[in-house]
Structures are given as C-alpha cells and as structure tokens.
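Take a look at the structures below.
Next, two complexes with chain A in common: one pairs it with chain B, the other with chain C.
Take a look at the complex of A and B:
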C-alpha cells in the first residue's frame, strides 16, 4: 500500500508536468490548427533558462522560473510572429515542416551553447516530507502545487478575461472571431506566448527532478501529442485529465510490470485510439 | 510518355557526367561523399512520393531507412547472406512493415498522420536501441561486407560501388518518373489535391494512400540497405528523427513534386556540408532556419525557382 501511495504521488508529480506541456500544445492547436512540433524544444529551453539563472546568476528558484517564463513567452510569441504568421493560408504541411525546422534549430542551438552533456539542476527544495509512510521530496510538492496554481490561473485567464475569451472564440471559429472584431493575429501571438510560458513552467519545475539536455523535449512532446489526441485536439480539460492519467498509468506500469512496458504505454494508447476512433476519444461534437 | 528532345539531351549529358565522374575526379573522399548523397537521395525520392505527390507528411521515413539498413546489415553481417539476396529482402521487409504500419497510420490524414508517423519513427529507434542481441544496440552493427562479385564483376573498389549505387539511383528515378506519369501517379495527385473529389470520380483514396506509403517505405528501405552496405556499418542514429529531418531539408531545398528536386537538394546540401565541415557543430542550428526560410519564401524549392526562369534560358 505504501508503495502504491508512493508511486501515486510520483505519478501525480509527473502528470503535472505532462499536463502543462500538453496544455500549451493544445492551446496552440486550437487557435492555429497546427501541431507545433517545436513545443518540446520550448520546454527544453525553459529548463535551460532556469538552469542558467540558478547556476550562473545565483538567482533564487522562483526568480529563475519567472525569468524563464518571460523569456519563453517572448520566444513562443516570436515563433508565431516570425514564422507561423507568414504561413497563413498555406497547407498545414507547410506549417508542420516549419515547426520541425524550429525544433531542430532550437535543439541545435542548445547543443552548441551547452553541449550534449546532461546537466543537474540544483534546487533549494531538497528536503523530504514523510506523510502516511510516503516520502515526498519538497520539489515534488512544489511541482504538484505550482502546476495546479498555473492551471487555475490559465482557467481564469481563459474564462474571465477578454483575451482568454478571444482565444476560445478563435479556437471555436476563426472566421467568426474575425467577424466580431477580434484581432486574430494578436490572439495567435498571445496564444503562442502563453504556450511558451506554460512550457517554461513545466521545464523549470521538472528540471531538478530529471536531467537537462538538448533532446530532453523529444519524448515528452510525443507523450503530449498522445495526451492531446486522447483528450481531443484543442480541448483544455482533456489535456489536463489526459496528462495525469497517462503519467499515472506509466508510473504504475513501471512499478508493477516493467520499465520497458511503461515506455510503450503512450505508443500503445496512440495505436488504440487510431484504431478505435482516429479523431480522438473525447473530441467535442461539431 | 516521351521527353521533349531538349530535355532528352540535357538528361543524357547529366547521365554522362555522372558516369564519367569517378574517372575524372581522382579523389576517393569526394566520390564517397557523392555515393552517400546518392543513397540518401533514393530515400528522399520515397519521401517525395508521399509528400510531394500524395500530399501527406510521413515522419517515419528515417525509421524506414534504418529498417532497410538494419535488415540488410543483419542478414549480411550476422547470417552471411549474399548482398544480392539481402538487398531485395531488405526492400521487401521495409515495404511489408510499411504496409502494416500504413494500415493503422492511414486511418488518419494531415496533422494526425504526421504525429502518428513521428511516433512510429521514435519507436523504431527505441526498438533498434533495445533489441541489442540482434541490432547491437547503441553501438550499432559493424563488419557489413561489400557486395559479393557476380562473375567477373567485382564490387570491392570504390569506383565499382559508385556505379552500383548510381545504377540503383537511376532505376529509382526511372521508377518514380514512370509512376508519376502513369494513371496511378495521377491518382496520387488527385488524392493530394482533393480527397473528396478523387473519391467522387471513383478513386479508392484508401488504397491510393496505402500504395504510395508502401512505395515510399520501399525506396527508404532500398536507400538504407545500400547506405549500410556502402559504409560497412550501421547505427541507431541512421533511423532517427534527425535523419527524417535531413531528408526533409534535402527535399524542400531541391523542390517537392519535381523529378530533379530530391537529387539536386541532396547533392547540394550534402556537398555544402562536407565543404563546411569545420562548422559541423552548427549544422542543425543553420539547417533549421534554412528550412523555415525555404518553406516561407520558396515553398517549391530550387525546382520551383528554375521554373520561374524565362523560357529562353531553359532550353
């Protein structure tokens, strides 16, 4: 039972990060209808910015994360401004190839600056809390809490502010949004900035628990795609729920079956979804 | 379909240049660079069949390249099978896997298809790395022998290998050319332009996609198998997503849905990269933005630019 609880907490912590990454991906997909393959690179860049702030500038963890969020919001926004905006009206294939170009540009840049070495990120939250016989590192608690705070913040942003409502309107109907006077370009730019910020939060939170390296985003982006397809492309609740579920399934399979099996789960789910219902299990009706 | 005479002359001249190349250039390094470009170009033609003519972005092309390479490599190095059996076996193996993967992947189109094939590509690398007993894991597979001789024809010299690879490249180009000018090739384009319309005139869009995907995989398998045999070594990186990305760069720079595009793009970029070897570590950093610029400003690549030239410059 203790083992189960322990793995449950670990799964929730991992799920928090999966959900944050999937959220950024699903928001951009909702607005632009393009799977942003470069999203994993944003997550990687977010982790590196935090790493640099912590080690080279001696910033506190919270400051490091804040800087990372700002830098990545700018980076995400400039992706839209410099690249995706210019591909409006072309086929989705063009945008997907451009996204791949951005992915390899960012990975290549990280490789040139920091090299392929794995880096350990220090955290001030290295204590351990014991609850019901379960050992939880303070960092994991931070991950879980910060993710929930971010999600609530995002929810309020989407539902309570004009900007957020414009994002949702545009996701529902781009032309309709344009008709009622929404500046769709500005909304697209903002969505990319928010997506970058979410990736920065995810990357900064997970960095001390895992290692930081240039290709760190490749596997998680694939999982985020599985989550987003499961939850329905563009669906916010689907991304959150899917993230936790996939992480829990992986952690439990890793504990009770084998590590190799846990790695196959995401892929197995993807095949299953495609075979049963290629448009996603929880896709909203049109 | 017949070629216009001017293009026929140009093509004969090109082929003659390709045939004379190793005799005129007394530089084994340069010859081996061109061989590598040729085998990669074969797989890039496969990518073009799917992306250029059928309109779907398959991100498993690198994975299929790896499957072809490993199939040939394992057969030849581990089981000492002759190249002349291992090569067709590798192509058939890759095509068969392409067929099976296509059954699931082609239930989707567009972005979902790209995502699914990306996942397939990543899984192929993971399987290659984990299946150590067979593939040699992350160390790769060494000791793949050169093709055995047929009668008086020996393939242990660089020049002989060059001609062997050139033969397969010309064969590939011929097959793709005949394909795109046949009724089958036209159904590919019809499905690309509008699947609904294609269905309305009685084209089986599912079968068309499946066929295009299998041909695409088979060409990747052929390229991969030749690559492994020519290098005498194969590692997991050869089947990686980065390989797919490189092929995309070659194809987009050369030009999609054009007969010369894949070869021109591959030769040009591989050549330039060898030339700028000193900056090898900046390769990805530079190729990423180049791909983005090409997509935004020259979506038809060099082939598209060539068509923009005034008629009289074109012959």
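Take a look at the complex of A and C:
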C-alpha cells in the first residue's frame, strides 16, 4: 500500500511536469493548427534563463522564474512574428518544417552558448517531506501546486478575459473570429507569447528536478505530443488530464508490470486512442 | 559551485564548433593525407566518429577532447618521427549521434575524403558495424573505445580496444559490496545494449556469490524524464545494494532519488558513470558506499597526476575534471603515434597494428597515465586497473588484475 501511495504521488508529480509542457503546446496548436515542435526548445530556453539568473546573477528563485517568463514570452512572440506569420496561407507542412527547424536552431544555439555540459539548477526547496511512509521532495510539491495554480490561471485567462476569449474564438474558427472583428494576427502573437511564458514556468519548475542541457526539450516534447493527441488537439482540459493520465499509466505500469515497458505504454496508449477515438478523449466535435 | 560554468565553457565550445567546421571544410576540399603544414610537419588524419550532438554529445566531446589534446601536444612538441620524416595528427571529427548506421556512413566519408589510416569510434554499436568494414580495402585501424567485452569476439585483426573490458569488475566489486552491506541486490540500470550486458554479468556474479536478486527495474537513462518511479519500485524490495549506471549525469539523478527516499545501502555503479562528474550533481555523502571506476586525477599511477596537471594547464584550472574518457583516448593517440614510428609507416594499418604491443610496452613515461602492459592478439590494451570504493567520503582503491592474463 505504501508503494502504491508512493507511486501515486510520483505519478502526480510527473503528471504535473507533463501537463505544464503540454499546455503551451496545445494552446499554440489551436492557433497554428500544426504541432509546434519548437515548444520543446522554448521549455529548454526557459530552464536556461532561470539557470543563468540563479547562478550568474544571484537572483532568487521566484525572480529567476519571473525573468524567464518575460524573456520567453518575448521569444515566443518573436517566433510567431518572425517565422510563422510569414507562412500564413502556405500548407501546414511549411509550418511544421519551420517548427522543426526552429527546434534544431535553438538547440544548436544553446550548445554554442553553454556547451553540451549538464547543468544543475539550484533550488531553495531541496528538503524531503515524509508522510504516511511516502517520501516527496519540496520541489516536487512545488511543481504539483504550481501546476494547479498555472492551470487555474490559464483557465481564468481563457474564460474571463477578452484576450483569452479571442484566443478561444480563433482556435474554434479562424475566419469566424476575423469576421467578428478579432485581430487574428495580434491574437496569434499573444498566443505564442503566452505559450512561451508557460514553457518558461515549466522549464523553471522542472529544471531543479532534472538537469539542464541543450537537448532536454526533445525528451519531454514527444511525451507532450502524446498527451495533446490523447487529450484532443487544442483542448486545454485535455492536456491537463492527459498529462496526469499518461504519467500515472507509466508509473503504475512500471511498478506492477515493468519499467522497461513504460515507453511502450505511452505510445501504445497513443495508438489505442487514435484507433478508438481519433479526435482525442476530451475534444468536442466541431 | 556551478556558477562559473557558463563563462568557463563558452570560448571552448565556440572553439570546438569552429574547429569542427574548419576540419570539415578542409576535408571537403580534398586536402586528404600527406600534406605538409607551415611547421614543416606532414599531416596524418585521424578519424573520429562519435556523438557530437544530441543527448550523448557531452560524452562524445570528452572523447574528442582527449585525442585533440594529445594531437595538439604532439604537434607543439615538433611531431613524431616515421622513417626519417616528421608528422603530426589532425583530428577529423564527424557526428554520428550515437547511431550505428550513421557511424558507417561517416566512416565511408572519412575514408573517401580524408584517407584516415585510423578511426576512433566510442560506442559498441558503432564499433560492431565498423568491424565489418575495416578489413576490406581501404583497410584502416579501428580504435574502439568501449569496455564491452563482446567487441573482442569478432577477433578483428585491425582493432585496438582502448579501455579495460568491464567483465573484470564484477567479481571483486560484488565481494566488497556483499561484505559491507549484505546480500540483497536491486537493479535500476540503463537498458542500452551495453547496460544489458553489464546487468547480465553482475546478476550472474551476484547469484554465484550467494546473493539474492530483485527484479530488474532498468530504464533507458537517455530517454527517462523522471527516475523516482523506478527507484521507488526497486527500493520496495528493501535491497542492501543498488545496481545502477549509465551516463554520469542521469546516474547521479538516480542516486539522488534513492537517497531522497531514504536508501542508505551500497551503490554498485557501471563503469560508464564517473565519480567526478556525479559529484557535480550530488554531494560526496550521497556517494558513500559506492563502488565504481577510479577518478583519473588521483589514479594511483605516477603518470596520472602529471596528465591532470597538463590538462588543467591547457584548459584552465576551473575546467571540469578530466575523466577516463579523456585520459584513455589521450594515451591511445600517443600509443598509435609510437606504433607508427616503430612500424615506419603512417598508412599501413596492418604494420601499425603489428607494432602496437611493442608501442604499449615502450610508451614514454610522461604519457603513461595508465601503466599499459601490452596489447593482446585480439587487440585489447591490457593493464592493471584500479577501481574505487567510497568509504567515509574517501576513495579506497581496489585493484583489478590484468584481465585475460598477461598479453
């Protein structure tokens, strides 16, 4: 029972990580209609900005994250403005290739600046809490709580603000949004900026648990894609639930079957959902 | 502790990238073998095909750094003599992203464009592919940097196996671990081909010495995001010793996860992970009771501290510690230069290979980081190996006798 509880907590922590990354990805999908592979690179960049703020500028953890959010919002916005805007009207393949190109470009840039060295992000939350025989680090508690806060924040933004509603409108029907007077270009730019900010939050929160290196985004972005497809492309609640679902499935399957199969579970689940419900678990019909 | 990293690594990484570009450029221009540079030294191209991008880039660049350091030193010292002429090495590097089929493509390119008489490959998968290629024309010497003993099975006549084979480690390590901690072993190793071979060897030895094995909870260290799940599962079996290992950095994360969850037993760590690199991520207290390969800097040979001093002089006192990836390949390049001198040729791989044993035995003292004893018929460079067991925060050495007997 202790093992089950421990693994449940581990699964929820991992699920928070997955969901945080998947959120930004699904948001951009709504606007771009292609998977933004470069989101993994934004996540990586967010972690590096926090790392530099913490180690070279001696900033506090919260300040480092705030700076990272601002920098990545700008970076995300410029990505739309410099690249994806120019590809409007072209086939989705163009945007997809551009996204892949951006991923490799940003990884290469990080490699030139910081080298392939693995770096550790210091965190003030490095204690361990033990409850009912379950061990969890403070940083993981922070990740779980911050993920919930971020999700609620994003929900409020989408449902209660004009910007958010414009994003939703555009995700549902780009031409319709244009017809009712929404500045779709501005909304696209904002969506990318928000997705960059989300990547920064994810990168900064997760970095102390793992290590920071140029290819760190590649590992997690594949999982995020699985989640976005599981949850339904473009669906925000889908990304959240999909993240927890995938992480729990991986952890529990690892515990009671074998960890050698945990990758198999992730991609097996993907194939299963695509066969049974190709629109994803939480996607409403359009 | 880590605050100086970005500043420290910037010039070198830029330099590496520029250098790689430059080398590629000279390669593509058909410059090839046998040119003479401004110092009046003739150039021998040495091929390096390994991961220079992707998750294993850090590892690949370390290997590259070792041979580049040796090549630079040799050139600065006026080159090496072969049959009355003086030569220096030029390292031509190609990226294979750790993928064996890419290794094969890169090797073909090196042979066509750079006429490399020697090609270094730092992973078993790539080595196996290249073993199919190096005995056909154009022949070349394969410098194999992998501790996996199975690469010797092909009995490739043109191969040098640079590191010690890992199957010498299990018997003494298991003995030490059982003596100090107990007989229950849990396994969370990496699941690469190398990791599986290691796991098999250690499992067999553990049961042979009368211990009990938990189930294998191995995960791929290169693709796993979070190790806590696998570690929690393994610790639920209440082991005395944990068998782990893969690249140093994820291995350190596994150790951190285990210690966070209250594990106080021993750690039996595969030879791929290096203590000095793990110490960048976890404190020495977390490594208490660990057993693994000995750090180069304090290796108990006369040559090791000399090498470390030259390393820090070249790369700066605040450089990351030299690992055996750097040191073993560094020494290997000197050994190859020596074999070329003895053979009187820089182009005939068979003649060079034939003198490798003598080269190992007569290698000059100042570049003997490790006390190499010779080269066996199948190409293994033999030597006494020292491994380390951490007791009260200190490295205690455990000697592993020359494997496979004398050369």
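As a working rule, the second predicted complex is superposed on the first by the 278 of 286 C-alpha atoms of A that agree within 3 Å, B and C clash if a C-alpha of one lies under 4 Å from a C-alpha of the other, contacts with A are read in each partner's own complex, and residues count from 1 in each chain.
Throughout what follows, a contact is a pair of C-beta atoms (placed from the backbone, for glycine too) under 8 Å apart; a residue touches a chain by one contact, two chains touch by 3 or more.
In this text, all values refer to a predicted model and were calculated from it rather than measured experimentally.
The superposed arrangement places chain B and chain C in clashing positions on chain A. Legend: residue contacts after superposition of the two complexes on their common chain; A:153 is shown touching neither chain B nor chain C.
Once the two complexes are overlaid on the shared chain, A:106 sits against chain B while remaining clear of chain C. By the touch criterion defined above, A:219 lies against chain B and chain C together after alignment on the C-alpha atoms of chain A. Of the two partner chains, neither chain B nor chain C is touched by A:176. With both structures placed on the common chain, the touch criterion links A:260 to chain B and to chain C. Contacts of A:137 after superposition: chain C is touched, whereas chain B is not reached. By the touch criterion stated above, A:37 is placed in contact with chain B alone, chain C being left untouched.
In the superposed model, A:52 makes contact with chain C only, not with chain B.
Residues 107-108, 111-112, 218-219, 260, 263 of chain A touch chain B in one complex and chain C in the other.
Only residues 51, 55-57, 59, 104-105, 107-108, 110-112, 114-116, 118-119, 122-123, 126, 130, 241-242, 245, 248, 252, 281-292, 295-296, 299 of chain B touch chain A when the two sit together in their complex. Contact residues on chain A toward chain C in their complex (touch as defined above): 2-3, 6-7, 10-11, 13-14, 17, 52, 55-56, 107-108, 111-120, 122, 128, 130, 135, 137, 140, 209-211, 213-215, 218-220, 223, 250-251, 254-255, 258-260, 262-263.
Those residues of chain A lying in contact with chain B across their complex are 33-35, 37, 83, 86-87, 90-94, 96-98, 100-109, 111-112, 218-219, 222, 225-226, 229, 233, 260, 263, 267, 270-271, 274-275, 278-279.
Partner chain A is touched in their complex by these residues of chain C: 2-3, 5-7, 9-10, 12-14, 17, 53-55, 57-58, 61, 191, 215-220, 223-226, 228-230, 232-233, 236, 249-250, 253, 260-262, 280-281, 320.
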